[in-house]
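Presented sequentially are two complexes of subunit A, the first with subunit B as partner and the second with subunit C.
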Partner chain A sequence: MYAPAPPTPARASRIRQRVTPYALLLLPCALVILALGYPMARQLVMSFQEFGMAQQFGQPPEWVGLDNYLSILSDSYFWVVTGRTLIFTAGAAGATMIIGVGLAVLMQRVSSAVRVTLQLTLIFAWATPVIAAVAIWRLMVDHRHGVVNDVLAGIGLSGFQGFHWLQANTFTFLLVGAVVVIWASTPLVALATYAALTQVDDEVLEAAQLDGADLARTLWHVVLPIIKPVLILLAILQVIWDLRVFPQIYSLQQGAGSTSETNLLGTYIYHTGVGGGSYGMASALAMIMLLLLIILTWRYVRILSRQGDLT
Partner chain B sequence: MSIAAGARRRRLLPNLLALGIAGIWLFPIFWMINVSLQPSGAIHISGITALPFDFTPDAYLGVLQDSSFWNSLQMSLRVSLLAVGVALFSATLAAVALSRFRFRGRAAMVVTVLIVQMIPAEALFISQYRMLSGWDLVNTVLGLSLLYVGTVMPFIVWMLKGFVDSIPADLEESAMVEGCSRTGAFFRVTFPLLGPGLVATGVFGFLVSWNEFTLALVILSSGGNVTLPVWLQSFQEGQTGTDWAGVMAGSALIAVPVLILFTIVQKRMASGMVAGAVKG
Partner chain C sequence: MRRLPQLTITSALVLSLSACGSDAEDSESADLTVWFMENSVPGEAMDWLVEEFESQHDGASLNIQVQPWPGIVELLQTSLPDAGQTPDLVEVGNTQAATFTSVGAFSPVDDILEDLGGDSLVESGLEAGSWEGEVFAPPLYSGSRILFYRQDLLEEAGIEVPTTIGELEEAAIELNEANPEDSDGFTGIYLPAADPKTLEGWLFTYGGDYATQNEDGTWKGNLSSPESIEALEAAQRLMEEGSEYVQDSNEAVQAASELFNAGNIGFYSHLAFAEHDIDEELWEDDQVGVMPLPGLEEGEPGVTFAGGSSMAISAASEHQEMSQEVMRLIYSEEFQTMLAEEGWAPGNLDYAGGLEGPTSEAHEIAVEASQLTPNTPDWGVADSAMLPAEIWTRIGNGEDVEEVAAEIDAELEEILND
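What follows is the complex of A and B.
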């Protein structure tokens, strides 16, 4: 029996070099697995189980295979909520992108004092805690004391005197929700797009102008391709944020008539799981929402994977 | 002279438009402050008036005398500081590994960071709640902080990696030539330069935890102390014939510190957020 030769200093340091990155990643990975990975796996398992009366008295949940998924997919209310969520997401994310990019282009054309004023204003809206923002907007559209109705009535639309935005119908409720979301998320789009625009080389723009391109064509053919990666990232982030929207809708629902008329996927999962105790159904719903997210953002993930190879 | 005047005239319309939009965007915040300074009974009698009027700090005093506000403030501070401390420490380790070492699985790791960042709390809270309740961590600072660590970690790693990338590795190498160990070189050379990045990232993580509502609502559901956003929500619901001045004063007390902090660090955040996309 013989002991292995003691590692030479050079070899020891090479081994250490090879092991160090994994050692450094140990703690952060463990924490993320604990907080996100394990619940994710557990949720997948729960989505195949049923939690009923017996489980409240400590019985282990019952395996039901795909039953949860089947009953969700055959429930017409699920499709109503999903359709509503998709329309809400398209509207809110679309409006956020259009207004945000418009503001970024506008910021390039104003004097610097005005630009700083606008940027500061946007930062304030961006930073406002979401529950405070919803509280403010709930007051502003309040049917008795709301300034929105006062202004609308003031310009001659007297039908809005005492109009109850949150209880009138699903559309006006979601319109308020969308406005809260757009107000808070446009600033990031505007500021990030403006930052990307300032990276576009002046010489490229001058060359385009010398070639006789007008503003619209310069923007479309020269500027857009350069800032496209930023725009795609921002658009995908908006889709993710708006599809899973929860605090705004939950808080507005407290002032609305019925939750079933106003549910989006986020609040539907909450009311099913936390309110109703149907953990299995709620887990299956959440998995379906995740799947929807993956389908909608697949392109972005592929772009990121390519970047991951490069960086 | 005439060129400058022409430029000014060409800018007049965009300037007015931009100021108009700034006014619209600022209005809700102005309205919050405005309403919070009204005498609370007056809103129901004569409606809301706009500044200037003889304002009163009554609504603020009302909130500040409410012990549930102070309990929630304490809860928010404890949860946010614990989450940020743990996340910042471990994210620094990850950022150094991803930025300073080339190892098998590194590219996959970078992609994983970006993908995990997209997982919304709204898609996981049911099983996160079940997990914490199994460990008796529901309604605790520790349980909620753990979930916040998971929420902010990917983004913090991503931002910090950008900051470490921007500090040349040559500096460390020359310190090692001078006789420093690798660890010593990192702590003496890179770590001090990383300071501003750590502060900006830490503030960001703090604000996310401070503002978070969904998980706080689910995890702190059964009575006891809650964080400020949940407090504000129940304060609003607890009123019969909503005390708008009080609610707006509460909103302002939560929002104003955030506005100040955020304004200071936002430049680094916006650039950190899009850095990856611009590089690609």
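What follows is the complex of A and C.
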């Protein structure tokens, strides 16, 4: 009497629904494993080896256990560079976020002609290739013909006549580096935040206004919670980008007096590995830097992944 | 999972392609790549090399690329080991050769050394390009810095042509102040910190050095020795009082002949080939004089850096025999003579007759009295950490000489004894 029921169309579609996400994940995962997995695995292996110039040209490497890590952690210069990198990252990422969000709020409140001009300008800054941007900034802070010194001397700060920003000391060097980085990354923050702001419902704002909230309170208590997921994502990206900053600092170092006084972690790894031929040591350094990055961003990445908690 | 078969196909393709690559060794259709350095081999010689090679080898082609000096050690480290990336032949600086010969990056050329000039090759250059008794990188050319100076400006200011390094310092400082033609941005001597090869002339002439080797083979930083300190102090005074462009960038140094032509430089140190960059008019009106860096005593030449280049075949090159053919052409009379005409002392001394023109005499004296930087594979590392430039930059910025010397000594010892 009871024939077994054939699979209903609904059930087939449920299976498809369950499989499709994994199928979609497969391609990006495979690509990431291909492009990053192998180098990462190599890097991990090499960080436990004495791997120098001779190994680069075919000699078998020697296993040294944790030696590379121990000598890095006991080297005071490593801590100097790490401290410098953390301060640089906090300063650059923080300034980028503040300026970017400020510009986004501004864009909401100006006429559309001004806004479009501003957006176009930002896109140009965003689209400028890194090396070209560094070259432009190097010309601008040039000690002899640079516009920065001209302007500063022009407003009476004659001490800046012939001032060499890249050679004077670590702080002025990193200041120039930070300006280049901030200049190039602010547009993304500004445009993305502006896009998020346009999603804030007008009715909510009107309600806040009716309740008597001023601009600062509206922004803080009403708008901020709504755009928070976007801001956290942008902040994580900034921290990642600024912590591993390389081309800007490397190019600026060509005009600096000293590499050791101007190194951040990215350039330190490069000079140790590719410059100094100590690939094992550089791999260990890179692993430590990766760990640092995970520690710094872990909490926020988790918040972001539990989207429910954000809104 | 469905992607996997495709992946396998791709890797199989890659494997078979690379297999093809090794089959192609020394076939007639070889494409060879040579890297020369900037400001080195004249364009005319490169053209000759390509034409000559391609006419001798039907179907083969020679591609020449010119690389900049800054960052070259890094570039070579990453390109040379990989058969797919490596140039077949490379020019390397003589102080960088040991970094690569010591790890087997180059193929030995002992078998063809006779064809390349044998005993006629500069001996010190051969030594710099050898490792454990085998020759890998024979000398291509050598060259040392000489001084071009505006004799008319010296005359106007009533300053004698200096005959010792001390007199040179005084003359440059006096000229810097006199600025006889009242030109904007005039400098007595052009002495930028970004040009360590010139400033090493002061270090070596006063009897100093970057580092010296102990009996047990380890290295000791030598910048704090009394001779080096004297040299660094003399250079610091000269940079402060006799020179205006101390902080110039590497790019600006490359273009400094423009300043000289514009009448903004009294004494200008450069390699002999800079004679071609100096305005014809200045030569014709006899305004330019040439001399080697003077020594501590009158009549004795100063000691400058023994600059030079070597040629080598990459060990990873798939065209070893064809590369040897290119080597034979590079060490031929025609090519070496063209190098000499450019102002270099050619690697094969038999062809030094091509050295002529206003700089030849001074250049010959300078080359004879020149000295190498510490000859160890790790010097390339110190060089790529820009330590030489750092010393002169910090001294040029007015930092305490003894402090800088002690700090750099410590850094050098760490790198050279690695």
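In this section, the second predicted complex is superposed on the first by the 263 of 311 C-alpha atoms of A that agree within 3 Å, B and C clash if a C-alpha of one lies under 4 Å from a C-alpha of the other, contacts with A are read in each partner's own complex, and residues count from 1 in each chain.
In this section, contacts are C-beta pairs under 8 Å (C-beta built on N, C-alpha and C of every residue); 3 or more make two chains touch, one makes a residue touch a chain.
None of the values given here were measured: they were computed from a predicted structure.
Of the two partner chains placed by the overlay, only subunit C lies in contact with A:Gln59; subunit B stays clear of it. Between subunit B and subunit C, B contacts the larger number of subunit A residues. When both complexes are overlaid on chain A, the residue A:Ser74 reaches neither subunit B nor subunit C. In the superposition on chain A, A:Ser112 makes contact with neither subunit B nor subunit C.
In the superposed pair of complexes, A:Gln167 makes contact with subunit C only, with no contact to subunit B.
In the superposition on chain A, A:Leu27 makes contact with both subunit B and subunit C.
When the two complexes are overlaid on their common chain A, residue A:Val274 makes contact with subunit B and with subunit C alike.
By the touch criterion defined above, A:Ser260 reaches subunit C but does not reach subunit B. Once the two complexes are overlaid on the shared chain, A:His143 sits against subunit C while remaining clear of subunit B. The interface of subunit A with subunit B overlaps its interface with subunit C at residues 27, 254, 274.
Of all residues in subunit B, those touching subunit A in their complex are 11, 14-15, 17-19, 21-22, 25-26, 28-29, 31-32, 35, 43-44, 47-48, 86-87, 89-91, 93-94, 96-98, 101, 103, 106-111, 114-116, 118-131, 146-147, 149-151, 153-154, 157, 182, 207, 210-211, 213-214, 217-218, 221, 228-230, 232-233, 236-237, 242, 244, 247-248, 250-252, 254-255, 258-259, 261-263, 266, 270-271, 273-274, 276-280. For subunit A in complex with subunit C, the residues that touch the partner chain are 26-27, 30, 53-54, 56-59, 143-144, 164, 167-168, 253-255, 257-260, 271, 274-278. Put simply, subunit C touches subunit A in their complex at residues 1, 3, 7, 70, 73-74, 77-78, 80-81, 99, 102-105, 193, 247, 249-250, 315, 377, 381, 384-386, 389-390, 393-394, 397, 411, 415, 418.
Subunit A meets subunit B in the complex at residues 17-18, 20-22, 24-25, 27-29, 31-32, 34-36, 38-40, 42-43, 46, 103, 106-107, 109-111, 114-115, 117-118, 120-133, 135-140, 142, 145, 147, 183, 186-188, 191-192, 195-196, 199, 229-230, 232-234, 240-241, 244-247, 250-251, 254, 265-266, 269-270, 273-274, 279, 282-283, 286-287, 289-290, 293, 297, 301, 303-311.
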